[in-house]
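Labels run A, B, C and D following the written order; every chain starts at residue 1.
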Amino acid sequence: MSKKIKLAILGGGGDSLIGILHRVASAMFDQFELVGGVFNPDLEESKKFAREIGIETNRVYKDLESFIASERAMNEDERVQVVSILTPNFLHFPMAKQLLENNFHVICEKPLTTTFEEAKILQETQKKSNSIFAVTYTYTGYPMVRQMREMIADGVLGRIQKIDVQYYQGWINPIIHDEEKRANTWRLDPEKSGISCCVGDIGTHAFDMIEYVSGLEIKKILADLNYLYKDNRMDIDGTILLRFDEFVKGVIRTSQIATGEENNFTVSIYGEKAGLKWEQENPNYLYLLEEGEPMRVLKPGHVYNSKLSLDGTKLPPGHPEGIFDSMGNIYKGVARAIRNEPYHPGEFPTMRDGVRGMNFIEKAVESHQKGNIWIEIED
Amino acid sequence: MSKKIKLAILGGGGDSLIGILHRVASAMFDQFELVGGVFNPDLEESKKFAREIGIETNRVYKDLESFIASERAMNEDERVQVVSILTPNFLHFPMAKQLLENNFHVICEKPLTTTFEEAKILQETQKKSNSIFAVTYTYTGYPMVRQMREMIADGVLGRIQKIDVQYYQGWINPIIHDEEKRANTWRLDPEKSGISCCVGDIGTHAFDMIEYVSGLEIKKILADLNYLYKDNRMDIDGTILLRFDEFVKGVIRTSQIATGEENNFTVSIYGEKAGLKWEQENPNYLYLLEEGEPMRVLKPGHVYNSKLSLDGTKLPPGHPEGIFDSMGNIYKGVARAIRNEPYHPGEFPTMRDGVRGMNFIEKAVESHQKGNIWIEIED
Amino acid sequence: MSKKIKLAILGGGGDSLIGILHRVASAMFDQFELVGGVFNPDLEESKKFAREIGIETNRVYKDLESFIASERAMNEDERVQVVSILTPNFLHFPMAKQLLENNFHVICEKPLTTTFEEAKILQETQKKSNSIFAVTYTYTGYPMVRQMREMIADGVLGRIQKIDVQYYQGWINPIIHDEEKRANTWRLDPEKSGISCCVGDIGTHAFDMIEYVSGLEIKKILADLNYLYKDNRMDIDGTILLRFDEFVKGVIRTSQIATGEENNFTVSIYGEKAGLKWEQENPNYLYLLEEGEPMRVLKPGHVYNSKLSLDGTKLPPGHPEGIFDSMGNIYKGVARAIRNEPYHPGEFPTMRDGVRGMNFIEKAVESHQKGNIWIEIED
Amino acid sequence: MSKKIKLAILGGGGDSLIGILHRVASAMFDQFELVGGVFNPDLEESKKFAREIGIETNRVYKDLESFIASERAMNEDERVQVVSILTPNFLHFPMAKQLLENNFHVICEKPLTTTFEEAKILQETQKKSNSIFAVTYTYTGYPMVRQMREMIADGVLGRIQKIDVQYYQGWINPIIHDEEKRANTWRLDPEKSGISCCVGDIGTHAFDMIEYVSGLEIKKILADLNYLYKDNRMDIDGTILLRFDEFVKGVIRTSQIATGEENNFTVSIYGEKAGLKWEQENPNYLYLLEEGEPMRVLKPGHVYNSKLSLDGTKLPPGHPEGIFDSMGNIYKGVARAIRNEPYHPGEFPTMRDGVRGMNFIEKAVESHQKGNIWIEIED
């Protein structure tokens, strides 16, 4: 009998987007059950949030120490097995270290820590434990990213000769061009968010993605960052030259001042035999380029995909994974109706939609059978 | 205190895709808790499935009658409030009817029933109950479909003058061209799947979508269906002319023999002032066409969207909703690792990925500060 | 020795777009030389236009009769061999007939005539002559349309089972919704433009394209047209059901009220084995869809294309044919400069652009050779 | 009276693609008349080519010296006014210099010369002449490139803060990975093609494009080139960091080993207020990105475009400029038929196509008028 794995979350309360992302993801394959955690530094807020998301408050703790003490005291069968760390960056290190030292499995948001030094200590800590440790470089979970990795491993590209990865956003514009705002934003404050803004936040995704899909290691880098204003202490844009080996080169381009870009993360890898391209904003398309051949467009869920890729696809081809959200929205509307909360008539299709649909089907067949004539739909 | 709504499911066991879709969707906004149901006609199979998806077996029933009897006997506080019907089409009607008569809320897959006659009876049954009833025309839940509806309601298009909706798939090809297969496929057997294959399965989505987004009602239709072989009794392709009023016309084009198409459902609505286009396979883009103006491309999560659309978006712009799956896949890999099941090294990013990322950030800043020189990444 | 073929044009004077199109096209493969014609009903205007386009005025005639008389009097070696008819529709028939009766070759704009009756007479006239006669259904000349035709002829799709062609424009909107304008537009006047506006103007392109690429003949049609206003006498929108044989069906969708559409002409053909799709607004892409295979994207100029397709491609892959215009625009700027006419600094790249380019190349190599250091570009 | 400008061409004979491009472009606006030149070092070949392209041989010369001597001896009215230099790179400099010294206008292919030194001498030579001198950085002639330039000049982007230009091709792959081929290819021989292969050939286009559209000047560069093999003497890939001023940065990425890429030249320019993106392979689309606004897609020929852009568009919106080629192909087929050369039935639409089209129009209207019934098309 496979019981669900008991999961706790640190942080991620309130409207936290990363909180929603981890909760939905953890529910997706019927594997995890969220039982508690520390959602907020304030215990009352934390409990309030637990009620909002419909979980019991008895395993909501005031801090990590109480969490560890109480959970360690439970039967192994009841105890939380894995903890997701969704707190601000500077808390990743101390929290992850304590959890590892107490034999919890850990799922940690990126960046892992605020310094390389801390990261190495954490690595040593894990080595001494038996814990599983995952860093959520989320984009590596896409089916077509996994497919890219497997195709490269299988030699589809031949020897890799050129790698170009872009991660362009424009969100910092309204902040960076306002003297006061840029002085008072925590993301631009090295005390709070570490040595780098743009490279630390999105450049690392690019770095990890390259090593994930290519199987190569980046050996040397040369960086040209942009701070845009003299009084700004953090990079918000940068181009980083990459050296894999003497003749294998690449570039990471990363920006938070690419005005109007949303989350334009693209990966292009060219080998002796072929090239592969992928874009995060349209994640269900993988482009295979071969000299003198028509470009091929691979999509998730097809038999031609690798086992690793297919394992990450739940629905048949043509159903963008976003369809979960579409159905989720309908369920949300139904929940409102059941709870007698106000809702918009467009939130879920009703009986009348169903009835009209049946009428349509019958009339369509009737029109056809009578020789393609006009038939009225009943009201 | 908002407790989760108790949900049961009829059908959807085993590898059922529709089962996965409803379970994930129901979990998405922390509103529902799946507590049991009848997943399979065989009780043991049903219980086995419950264990696989990690829920208790005590509220898994042998049939709908036992479900109703037992649940009605519970305290209102404990009782299942809403039931999702995911069984084969011919069971929708009897199940939905019984549930309504016993005051359960119902979420029912489409098509609502197998005949218009049944549909009208069901409608009457609901009128006598206090139940919420939703039919899952899933595609109406997409944020940009909702945005389309709101823009049209707000008059952005002016008076509508032309509607063109396409729903093209190619999946039936391997069946239809094989004499034996087409004789033995339940979807092509009127006894099992009703009067129509193509119109019934996907044409209804087109029909409902048109009325959902346009606010208009289809008054008359003229259908030309295709059966492709003399011995085939069910339509697998069809073009249906639509009349809204004397001068407002449209067309539904629907096919299961559009070879190579996956789930190519598109909506184009043209009004006196502008046009709107949307494609299900790239559901995050809504195209606004105006005479003499650059085309505008609307995406989810932006302030320019309507309240109804924004309510259906959980993440900021640029994060395709499929990112939930990406994160979900990472969680699945972690679950395997925790359960000591075999897993692929590419299933989740590890400590080493995190450590190298920190190293990269620091070296990037160092390279820049030293005047854009090459720096080695430590191993 | 291959001398150029002597070409005359009837109509196409002034700003006529169709005139530009035919002149440029006739020059493209160094095969034709425009020597004269009747550009305008007014001889002086006609001569003025000849001077504007830089041709001699001695073979500009006052009407078709003088043209025929004078040209027939010349040596065969000097005589115009082929005449392009670009006049209003109602003149196509009488002009083409006279030209054929006098043994000129003819290139005629579509629609061929204003009635089917005239068309049949013209066909008889040609049969009695030795003349070549082309109707410029222009879109059949695209390399990827030709490739589509050849692939279908080669059996790539297997037996065709479904054809769907769309031709949507929105240009008539500003006219049709204005009572006065729609009463006074020649295109909406049956006396001037024949029995049909939308079907006649663009529906015919769809019809011809289908027969051109599929090799099939349309046997029967069922049309539903839209006139939008009671006082409007001409169709401006229509859906036309097509029957090729009992089980091969299709649809032509055509509109001039698809608001915001420019010239959205698309072709989708599905066979037992595969599907092919093409869009006029992005004419260099041909999409091959096969069940269970990645979609392939064919582009012009590649070795995998048919002889017929390659014959229509002048430049290597990746150079959209529009590049001729890009170069043409530069030449136009140079012409203005040479003629001492005012011109914009952005009309052609100058010596300074060339010099800076050379500087850039040398500095790039120098920067690299010195170990990737910064080097200044000289002014 | 505006006579055509007399044009001669140096080089561009035989199958030269650049020759076709310049000939077609020069004919496009009825401004130039090709009268002669030196198409080939061998006079007989040169004359043969003149006959093939249908021009007189009397002004085809054995070398540049004879060309200059003979043409200078003619009346100004008859003399060649402008010369296009399409010869191998190392001849650009001596030829251009002589032509300028003899007061001819010059249109010169890029790169201007083989060294910066030569380029500066040429610049001085032009200063002393009255000649117009254009370097054909062809891509600056596209309507939407011109539109980009004008929008930036008008301040649509605000202060520019980031420029990213890519020029990726894959054509050198089959050469570079073959030891013998790479030793014997002229493009990889510094004696024959100058100091650089990739930067010289396509990097310069990127450089010129940036300065053309942005109005900024590149002040400093840092280049990282790739030669891929130790025995290869020429760069075939490179990333070049750009500095405009202290806080305005950019990057040029250029490659001939981006396997499978055709001519993937893209331009992205981000300013304080908005971003603009353009791709050479789909040159009719210009993307305007603004924070919090739907992306706008600008296309040629619309009233919202600048005068400079509209001046470069000959046809109405929706007609990709490649339509000239489509029509050109039809004319080519007609030429073959007239010359009694063999041709493919698909090369031009015939009388029968025209007749069937007329039949279709009439039957469509008849079907509609009779209440949407089936009507047969006559054969």
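Here, a contact is a pair of C-beta atoms (placed from the backbone, for glycine too) under 8 Å apart; a residue touches a chain by one contact, two chains touch by 3 or more.
Model, not experiment: these values are computed from the prediction.
Engineer: Would you say C-D or B-C is joined by more C-beta pairs in contact?
Structural biologist: C-D
Engineer: If we define chain centres by averaging CA atoms, which chain lands farthest from chain C? Would you check?
Structural biologist: Greatest centre separation from chain C goes to chain A.
Engineer: Express in whole angstrom the distance between the two chain centres, defined as the mean CA positions of chain C and chain D.
Structural biologist: 21
Engineer: At what distance in angstrom does the C-alpha mean of chain C lie from that of chain A?
Structural biologist: Each chain reduced to its C-alpha mean, chain A and chain C end up 48 Å apart.
Engineer: So the centre of each chain is just the mean of its C-alpha atoms; given that, what is the distance between chain B and chain C in Å?
Structural biologist: 43
Engineer: Which residues belonging to chain A are in contact with no fewer than two other chains?
Structural biologist: Residue numbers touching two or more other chains: 222, 224, 241, 261, 288, 293, 295, 299, 372-374.
Engineer: Flag every residue of chain D that touches chain B in the complex, lowest number first.
Structural biologist: On the chain D side, the touching residues are 222, 241, 288, 292-299, 302-304, 372.
Engineer: Any idea which chain C residues touch chain B in the complex?
Structural biologist: 157, 161-162, 164, 166, 170, 173-174, 177, 222, 224, 226-229, 237, 239, 241, 247, 249, 251, 253, 255, 257-261, 268, 270-275, 288-291, 293, 295, 372, 374
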